[in-house]
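Each of the next two complexes has subunit A plus one other chain: subunit B in the first, subunit C in the second.
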Partner chain A sequence: MNWRRAFLAALSAVPVILLLAWGLTRDPREIVSPLPGRPAPDFALTVFAPGEPPLARPLGDTLALARLRGSVVVLNFWASWCLACRDEHRDLSAAAMAYAGQPVQFVGVLYNDIESAGSDWIREMGGQVYPSVTDPGARTAIAFGLYGVPETFVIDQSGRVAYKHTGPIPEALIRRKVDSLLIANRGAAD
Partner chain B sequence: MGGSVPVRRGARLSALACMAVVAGSALGQQPVPQPGAAAAGVEGGRVVGRATDTVLERRTTEIARGLRCPVCQGESIQDSPAELAVEMRGLVREQLAAGRSAEEINQYFVARYGEWILLSPKPVGFNLFAYIVPVVALIAGSLVVGLSVRRWTRGAPTSPGPSEDA
Partner chain C sequence: MTRLLALDALWFALIASVVGGVVAPFALARGRLRWVAVVQGAVYANFALVTVATVTMMVALLRHDFSISYVAQVGSRATPAFYTAISLWGALEGSILFWAWVLALYAAAVVYINRRREGLLVPYTGVVLLLIALFFHVLLVGPANPFHAVSPVPADGPGPNPLLQNHILMAVHPPLLYLGYVGMSVPFAFAVGALLAGQIASDEWIRAARRWTVTAWLMLTAAIIAGMWWSYEVLGWGGYWAWDPVENASFIPWLTATAFLHSVMVQERRGMLKLWNLNLIVGTFALTILGTFLTRSGIISSVHAFASGTIGYYFLAFIAVVLVAALVLVAGNSERLRTDGRFDSPLSRDAVFLVNNLLLTVFMFTVLTGTLFPLVAEAVRGVKVSVGEPFFNRMTLPVMVLLLFLMGVGPALPWRRGDPAALRRRLMIPAGFGIAAAVAAIALGTRAPYAVLTFLFAGFSVAANVGEFVHGGRGRRTARGEPLHLAIWRVARGTPRRFGGYLAHIGVLVFAVGIAASSTFRTESEANLKLGESMEVDGITARLREVWGREEPQRQVIGATVAIERGGDTVAVLSPRMNFYPTSQQPIPTPDVRSTLLGDTYLNLVAFRPDGSGATIKMIREPLVPWIWIGGGIICLGAVFGVIPPRSRGGEEVQA
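So, the complex of A and B:
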């Protein structure tokens, strides 16, 4: 038996094994979105859940991104069947309330769900302070490259996607992202 | 991004190829008729409307086969029954009907989901590994097998010959 040759043959397999082992440590569902830094896809969607004063919008009103220039937009995709959406619900509502009176618009987008189920869910969760809209045919979800719920997009005052978050978003993170955009805008205006 | 991507994509490509062969033989390469399309065909003026509908469906299927379903595991939006995949197929059909080319439609999805959405990566830059490595490995493997066989057969007649005679 030629041990030296056997050793060399085994050694040549090491890079392949290492490559496959490294592949196992990666989450195949973790996808880098090309959207941050680019203009957000435009949308004009109908309000089905008005939210609460002072953030309420009339039922049936259209929320269009084009008309929200100058405001920071926090766009949250959710569904009544989504368990993780329950975890972030309180955080989103608290953050939205904290920015009441400032140029910040929170919008919930109901994804792959029926309006009545969405309204029932909001009631069950004890309300949602900001308005939610429907997305017929999931066209806006597809335009935003959605692959699950919840997903949250922070859009800056010029309509550019500043940040995308996958999974439940904590209040502190929302506030950090929104604050930095508000401060940057104030700095630019001065 | 890194080294494992082409490997994984390559594996998915071959899996998809197998699936396409199976699906192709089962369906006889006929596009699955859509109920909505049939209705539109009748509405849209008899035979001509039906013919353009069939073409539209075939082109939709072709493009949908190459796009990955975002909520599935390694499945195309053509093969998946998921709601999002159904809506994405609808969007492909809409864009085709609006006169967009396959390239433009693929680009629309790439701009939103990244190149990840394409089941076969474009053969440029780092992606070339996925195309070149299998060919190189096949050639290298054939060489090793060929050389080994030659060495074995060259040594063969001298040693087993006498034992067979005995």
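So, the complex of A and C:
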């Protein structure tokens, strides 16, 4: 073994490894959404899963974004076939419950799925406290530039997208985003 | 229950690879030869255990056992059983499991085939293969565990990625690719095994490495061609290669393996290029791991890329270990790999092999650079850019064309020193064929210089390689009085390596002609047709007869029935379709193709009127496309010849 030569050869691998290591910290799929800061696309969708009191909405009711001005809207796209949606389900319900009585509306949007499968899923998961709506033809999903499920949009009181989250969203993050919008609005109202 | 059984099997496989890959080499190094049996046992046990896990997964997929995370992720009750079975390699975790199984299979095959061989070469080779297996086992019990419990158990799943359940070639391309990719671990293991056993200067390991390389090369070649075919049949743009990063990832090690298959002959014949060959083997393996890293880590965006997680860091660590260990071993032992012979003349087969290796290496670096360029550019300038087809085409065409030329010259030259007059005599007829092919191509309208050169050199080299068969057959006919075709077959069968090589050359040349013709003479058009209306491309008429829809359990299909007419007669009826899967926003196209040996008529349904009164059809005419696949088949046939042992030992070479 010629250790000196071996060492020099090993050294030549370092830049390659460093480049690859750096590359791992980047996300090539990270497509910057143009939505945050802009008005959210309007929608008027039909409730298929009413949720539970006190957050329930009547079955067949229409939830329109335009009529939710003044409330913070947490819009969560999900599907019964989506594994990651199971992970965030408890967090979303807990967060929604914590804001009961405040101007915050949680809405689930069923994405590329059939209603009965969605209802079965909710029953199986032990209920969903806030209402879910259907999105025929995935029009609203397309308008929001959905990349996959789950994705969650937090919309402020004036109807602007304040935050977009890709993947399962933890309760603490929802609360931080919603709290800051509620506080900012209180400041503006004063 | 079965879930835990499979997971336990993977844990025990991990333990077996630790015992055989980590503990055993220390014992072997101290001369404890009983450990040879331990390594063998570990290799077989590893194979049995990974097989248990893989079969369990397959059964779980087919039984729609959604309590297992991987099944819940890729399964769906509506998906046909065939596509459910092949979704084993449809997503990250399953593909890692399948990878581990292929590796275990190779390791068991290596140990079994060489079970009577004396010495420490094979045990150390087994050690290296178990070390590689260990990495995959760590992934399987850690970040890529496909056997997580899902609770509560979902009633149904989303089904596999729509692209993977849309065409039968998805059952062929991925497993071949794994067999090719993973197969390159075997020559690497032999090389490192020889270094560890202190036998790097002997010829024993290089023969074994060559054989296993031909096997893996055959699989990889078939995989690349199946992938091209799939892309052509499914993606709807009528193309077969786009220099996508992951396509490149499979092609880059193919280039170094091809270079090795040529340069190894120089080592066997002349005792030269030993260090170079070792570098090619190690490089090929490192490039397969790099390719896997690119596909699995999500580092470069591509249609093939799997979703990523922490797994990228594991791969990075593995690449680092492989690169450093390989470089240390090769550089540290380089003095023991001194060359015995020397090059005598530039006009010799030895010299042509040298140039061939130079060109293939340049080719490899060009594709590698183009593939990694986006990463480098972002690191240096902070912008996302990528180099597309123009870069690759411009940079690689000159190299490809020169390689086509060399394929004709090499076989006609003797080892050591050639005689210019003899070479001229031997290449006179092939040169005539080449010129005739080029003239014909120009007469038919070829103007692009590289296309003309392709036809020129392909004509030349096909004739030269066919000439080698005829030459050999004539010699035998004179000696034995057999009919020429029988004499050719027996000569080829007697020295299969040599004639397998010529056959592979002919395949590559046919393949190149198919590509040059289909890309040069491609004509296409797109039209909005009402029912009964027609469009025409290249003298062929396509008439829209019907637009229809069909509900299938797992998807909705919209199709168009189109009659292909030539001179007023209907020669074929094609049905390009669009498939809508519930989990995909965009429809997955299924073009329909009418193939004849002269060329393809390719129809793609671009859009349709919901009332069924019309459709937008894209029509492409591409001449000689089938010859790409035929050429691919010939290459593979040549490679099969390259691994089978010769029937009689009267040939000019000795097999390992």
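Descriptive notes on the structure:
Throughout what follows, the second predicted complex is superposed on the first by the 164 of 190 C-alpha atoms of A that agree within 3 Å, B and C clash if a C-alpha of one lies under 4 Å from a C-alpha of the other, contacts with A are read in each partner's own complex, and residues count from 1 in each chain.
Keep in mind that, in the parts below, a contact is a pair of C-beta atoms (placed from the backbone, for glycine too) under 8 Å apart; a residue touches a chain by one contact, two chains touch by 3 or more.
Just so you know, these numbers come straight off a predicted model, no measurement behind them.
In the superposition on chain A, contact of A:Ala117 is made with subunit C only, not with subunit B. Of the two partner chains, subunit C is the only one that A:Trp3 touches; subunit B does not reach it.
When the two structures are aligned on the shared chain, A:Ile142 is found in touch with subunit B and with subunit C.
Shared-chain residue A:Ala66: touches no atom of subunit B or subunit C. In the superposition on chain A, A:Leu35 contacts subunit B only, with no contact to subunit C. Here subunit B and subunit C are compared by how many residues of subunit A each touches, and C touches more.
In the superposed model, A:Trp22 makes contact with both subunit B and subunit C.
Looking at subunit A, you'll find residues 19-20, 22-23, 26, 28, 112, 138, 141-142 touch subunit B in one structure and subunit C in the other. Looking at the complex, you find that subunit A touches subunit C at residues 1-3, 5-10, 12-13, 16-17, 19-24, 26-29, 79-83, 86, 112-113, 117, 120-121, 124-125, 138, 141-142.
By the touch rule above, subunit B contacts subunit A in their complex via residues 1-4, 7-8, 70-71, 73, 83-84, 87-88, 90-91, 110-114, 116.
Interface residues of subunit A facing subunit B in the complex, by the touch rule stated above, are 19-20, 22-23, 26, 28, 31-35, 38, 41, 112, 137-139, 141-148.
Subunit C contributes residues 69, 72-73, 76, 150, 152, 154-159, 293, 297-301, 305, 312-313, 316, 319-320, 323-324, 327-335, 372, 374-376, 378-379, 384, 582-583, 585 to its touches with subunit A in the complex.
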